[in-house]
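First chain A sits with chain B, and in the next complex the same chain sits with chain C.
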Partner chain A sequence: MILANYLTAAALFCIGLYAVLTRRNMIKMVMGLSLMEGSTYLFMLSLAYRGGSTAPVLLGPPPGTSMRALAHGNVADPVLQNFCLTAVVIGVAVTAVFLSVVVRIAQHYRTLDSDRVREMRG
Partner chain B sequence: MRPADSGARPEAAEHEPLHRPWLGLLIIAGMAAAMTVAVAGIPREHAPLPAIARYALTIALPKWGLTEPVNEVVYGTRGFDTFGETFLLLAAVISVVLITRSKEPRRGYFGEEAAARRERSESDPAEPDDAAEGAARRAERAEQDERRSAGHAGPPTPDQTPLGSPAPETADAMTVVARTAIRVALPILAVAGLYLVAWGYSPGGGFPGGAVIMGVILLVYAGFGRQRIARVVRPRLLEAIEIAGAMAIIATELLGLPLRGSVSANWLPLAAPQTILSGGVVQLFSASELVEVGTGLTIAVFALLAMGHDWAPDEPPDPAGSGAFGESANSAESAGRSRP
Partner chain C sequence: MTGAALGSLLPLPVALPIGGAVAAPLLARISARLPIVVSLVALGAAAAVLMLEAPGVFGGRVLAHYLGLWHPVHGHALGIAFAADPLGLIFALAAAVIGALLLTYTLSELGGLGPRELGGYACLFQLLLAALIGAALTADLFDLFVWFEVAALASYGLTGFFLERPIALEAAFKILVLTTLASFSIFTGAGLLYARHGALNYAQLQVALRGHVTAPDLVALGLLIGGFATKAGLIPFHGWLADAHTAAPGPVSALFSGLMVNLGIVAILRVVFSIYGPASAPVLGLLLTVGLVSALLGAMLALAQDDLKRLLAYDTVSQMGILAVGLSTGTAAGLGGGIYHLVSHALFKSLLFLCAGAIVHRTGLTRLAEMGGLARRMPVITAAFVVGALSIAGIPPFNGYVSLGLIHQGLLERHETIPLALMLIAQVITIAALGRAAWLAFFRRAPDRGRLEQLRPGMLAGLASLAGCCVAFGVAPGFFLENVIAPAAAGELHPGRYASAVLSGAARLPALKIPFDYASPGELALVAAGLVVAGPLTWVYLRISEPAAIRVLRAAHNGSVNDYAAYAVTGTLAVIAAVSLLPRLSGHGTVSGGIAHRVSTHVVGQDGGLPIASHGGGRGRQARAERLLHAFVVRQPVGEPGDPQGLGVPVTRAGQRDGAASSHELLPVTDDDGQ
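Our next item is the complex of A and B:
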């Protein structure tokens, strides 16, 4: 029932997007963006899952399987795990940039409310 | 029984106004419907692996000598992708440094405000130095330089505080319990992080290793105060190390072009699988990544922690002289609005 994981990831994405669209506190907007990032990690790792498979490590295969079976696909998808690894690092870096921008906006306008920052109105 | 003054400061979450919640709900409903339709049609857990995944699994051991296909994908098959990601990280770190930096060059991350006062008065003599601002700056300076000031006769390091005395009040060090726990955990954490990079199942793991190194530095900072890390965590030193890591990655990737005919090809001899040098160029790439990620994240975190005043002119003092927090906040907002 990996479909439940997909639907959870979609729900998390929608909750994050709702926070970004409707929250006025800019810290909460950044939190919503982080939630959207987290939903993509869940989605990619769920997409990499294969029923009854093992981790993509070519060492000590579980009883009943051989190295050849491992190398021919009875494992989780290593490429999507690589995507997730990449996405985690980029997510951290992007969140740091967002937060520093938020601190500068808060220092300049003395508010975290995006509706009170004139350049963000609309 | 609720305390009597609980009504005076209500929770922010209860009264936080939303920005067009109905429009947001409408967009989210459409988004949720589209995503549900989309995920219903994508491959499930019994689909065969895609061709690139099977390719990576097949060549990991014979061509790269790696028992871990994820590492082979990160630094081998999709090495160019990781190359791009590294420089995205570098661009993000440079953005954070640019956004958070102060006007004057800084030698350390903390405690430079006092040294910058002369430059500040020269570069912006028109900025009024009113009483409230001056008091705030004095308090900040006193907090930052407490250990160095003549009036304070504390021990030079928190470890020399006698047992039983109250915890340091300036939050520059944790209690002896936390410090002992950090002393025990630190070497284990550092060795585990480096082991992840050097050995593991096979070489690789520069990203998590770099994050662990940043965690070690942050633990020292939280437990022992900024003086203990001041010799290592300096902008000039960290930025030089980070750029050195980035140059090593560029060299690792580009040397494949003249030596083997393609970028990110393996140009080092392969060692036996499950040894420290297996994977050829993978270990070099991963170790450079450790340097780059560890210093990059540390730079970003300390730039954020040490973010100071942005030198925007302060609003003129409120003529009404209202002391209430809400009143002064409103006047600050109106000043923000009227600013060109």
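Our next item is the complex of A and C:
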């Protein structure tokens, strides 16, 4: 089951990367980057997975488990989940900046084709 | 002051500029220039706090501070650590002081902008500097990623600062795509390392990696190096660099090139030396290769540029390559030279970009072909530019001479003659490129259209102090080398001491001597030979058409962001492949997979005391985990705003909130201890 997660993450990452490397439409590139971002979250959360574990919350253990079981480590790794939360927040900010730049480019050049927006070369 | 008291001041140099960044846009409503003044105050205060730490740190002590006072227990750190070691403090001080100088300059040059612009400018500028200081002082891998992202966000805003200039938009899109790709790389690398070792603290990771480097660790190393190399602008990760520098205003280009790019190098140093330590020996060869390629190709691209700022930007690529070469030697002289060059580069490249920005601002000219005769029209700017160019060229009384000489010395100690020769070729091309720029822009005859220069005090102060530092660090390197650079090199050469200082606070860095013979005949002969070859090369290049090699190189930089992303991705894959295959080929390092190691380093994660030994582990290990849990439950100050990772639900608080009953339920865990 957890293998499916890794495979999905890899597939998403590759689709996103494919979009970034081959699409000239800037919105599609941003979408590709968002897909890659999502795939890294899935990857992290899968790394945090432990067989038969519960959520890493110590307030009132779920029925059938004791506080001691939690303390013995039968929880998903909260730090990696934290990684994702932090990265989600950063990712939202980056996507916002991304899209506002794309909007300004579209207003100015009247195009979304990144190949027509390349005055600086060499 | 005691070490602990000094250590507890460490978050201040980061917090002050962030506070200033929040205040700046608000204060802009009162007066347009107020945000810049506030930024100056904030950065000055940050620099003062850093100076307070300086005597102890450069004396060989590593000051560590754990945010929220989550101190390490039995070598397991839970909190985010801030640690001031000599290298980090050098970079943080450089960021605060040069940042303040750049802001002083801005106040004069861009002081006429509207309140909204200046407020936003001051905010982003301080945010970027705070991120650089944070990245320099942190001792936590995930924290480093966060500062990297903060710096990246601020740099996006600053690149697109003149939004009405279309090239700024283009540059902003390129830097966004490439830096975002880099951030995925770093994020995944940090996550992989954490998942295997249950640690994020540099010191703890270093202990965990000692002698047990497995294949996933090497993949993580490749990902981290690839990501940070993008920030450093090393080839082939450099696609964003030239464009971002061209589009931004002068002081912003100076900030990018002088300070932000160095963040990548400092981070690579941390990863290679402080985290992987001795296990990373095979990586040094890779760094050497990447460095030489960047140095050579960057210099060739610089030679071909017609846009002054673009020329300087490609020279930054070249200088970062030379820095990487210095670090890759792994000897005291080479490392010291690399760190010295980090400071030198920050000084002279800021100076050159300020000059270029002043020319663009005054004349509106960006292309060298259109300039000419500026020496008469702007004598002070010309003098400053010449000082910067001579420093890069490594002419004796300037700082470049010392740092380049030390790097040469480091390469010679390792008997790397071919890399040394290649580096010298890159240096000659660099001299030719800057000589060509100086000739075309300043000294070539052109119709004199009257004096242009009206230097305000802030501009003069900025240019004079940067140029003065270039000379000072070149004339009297002895004091700086012995008291500042040598401790920094010692810290990188003895990562074990750094680790134990961060985790237990006891160790001191050993004293190190880096000899430098100022009047060494070999070094002087090299400089003279370089000048002799560079002169005719410039002349020939000005007369004849472009050589094929440079034409191909320029054609590869076709401005397509897809292609630049492809270069960076290919580069990252190549780095990962090289890092994971090299040890197998050369027989270095012990590549051993195995669950046993994994479990042993996995007993306690950084998650607020939760042991994560779900993969098994004997009775003794369990008892140890419980002891640790007990230690955290009892020892943590209960009312503290703990929760170091944001979500790592602190055991103490959970217990507190539910009252005595449930905290009682937690504590008896230790009852098994003796069984």
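Throughout what follows, the second predicted complex is superposed on the first by the 115 of 122 C-alpha atoms of A that agree within 3 Å, B and C clash if a C-alpha of one lies under 4 Å from a C-alpha of the other, contacts with A are read in each partner's own complex, and residues count from 1 in each chain.
The rule is simple: a contact is a pair of C-beta atoms (placed from the backbone, for glycine too) under 8 Å apart; a residue touches a chain by one contact, two chains touch by 3 or more.
Computed from a predicted structure; not experimentally measured.
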Chain B versus chain C as contact partner of A:Leu7, first or second or both or neither: first
Which superposed partner A:Val97 touches (first chain B, second chain C, both, neither): both
Chain B versus chain C as contact partner of A:Arg110, first or second or both or neither: first
First, second, both or neither for A:Met26, with chain B first and chain C second: second
Which of chain B and chain C A:Pro78 touches, first, second, both or neither: both
First, second, both or neither for A:Thr86, with chain B first and chain C second: both
Contacts of A:Tyr18 with chain B and chain C, given as first, second, both or neither: first
Touching partner for A:Tyr49 - first (chain B), second (chain C), both, neither: first
Which superposed partner A:Thr40 touches (first chain B, second chain C, both, neither): second
Chain C-contacting residues of chain A that also contact chain B: 17, 21-24, 47, 50-51, 56-59, 70-73, 75, 77-82, 85-86, 90, 93-94, 97, 101, 104, 108-109, 114-115, 117-118
Complex contact set, residues of chain A against chain C: 17, 20-24, 26, 29, 33, 36-37, 40, 43-44, 47-48, 50-51, 53, 56-59, 67-68, 70-75, 77-83, 85-87, 90, 93-94, 97-98, 101-102, 104-105, 108-109, 114-115, 117-122
Chain A residues within the chain B interface of the complex: 2-3, 6-7, 9-11, 13-14, 17-18, 21-25, 47, 49-51, 56-59, 70-73, 75, 77-82, 85-86, 88-90, 92-94, 96-97, 99-101, 103-104, 107-111, 114-118
Contact footprint of chain A on chain B as seen in their complex: 16-21, 23-25, 27-28, 31-32, 35-36, 39-40, 42-50, 52-54, 56-58, 60-61, 67-70, 72-74, 78, 81-82, 85, 88-89, 92-93, 95-96, 99-100, 201, 207, 211, 274, 293, 296-297, 300-301, 303-304, 307, 309-310, 312, 315, 329, 332-333, 335-337
Sites on chain C touched by chain A in the complex: 142, 146, 149, 152-153, 156-157, 160, 163, 166-167, 169-173, 176-177, 180-181, 183-184, 187-188, 190-192, 194-195, 200, 242-243, 246-247, 304-305, 310, 554-555, 557-562, 565-566, 569, 605-608, 610-614, 622, 625-626, 629, 645-649, 651, 654, 657-658, 665-666, 669
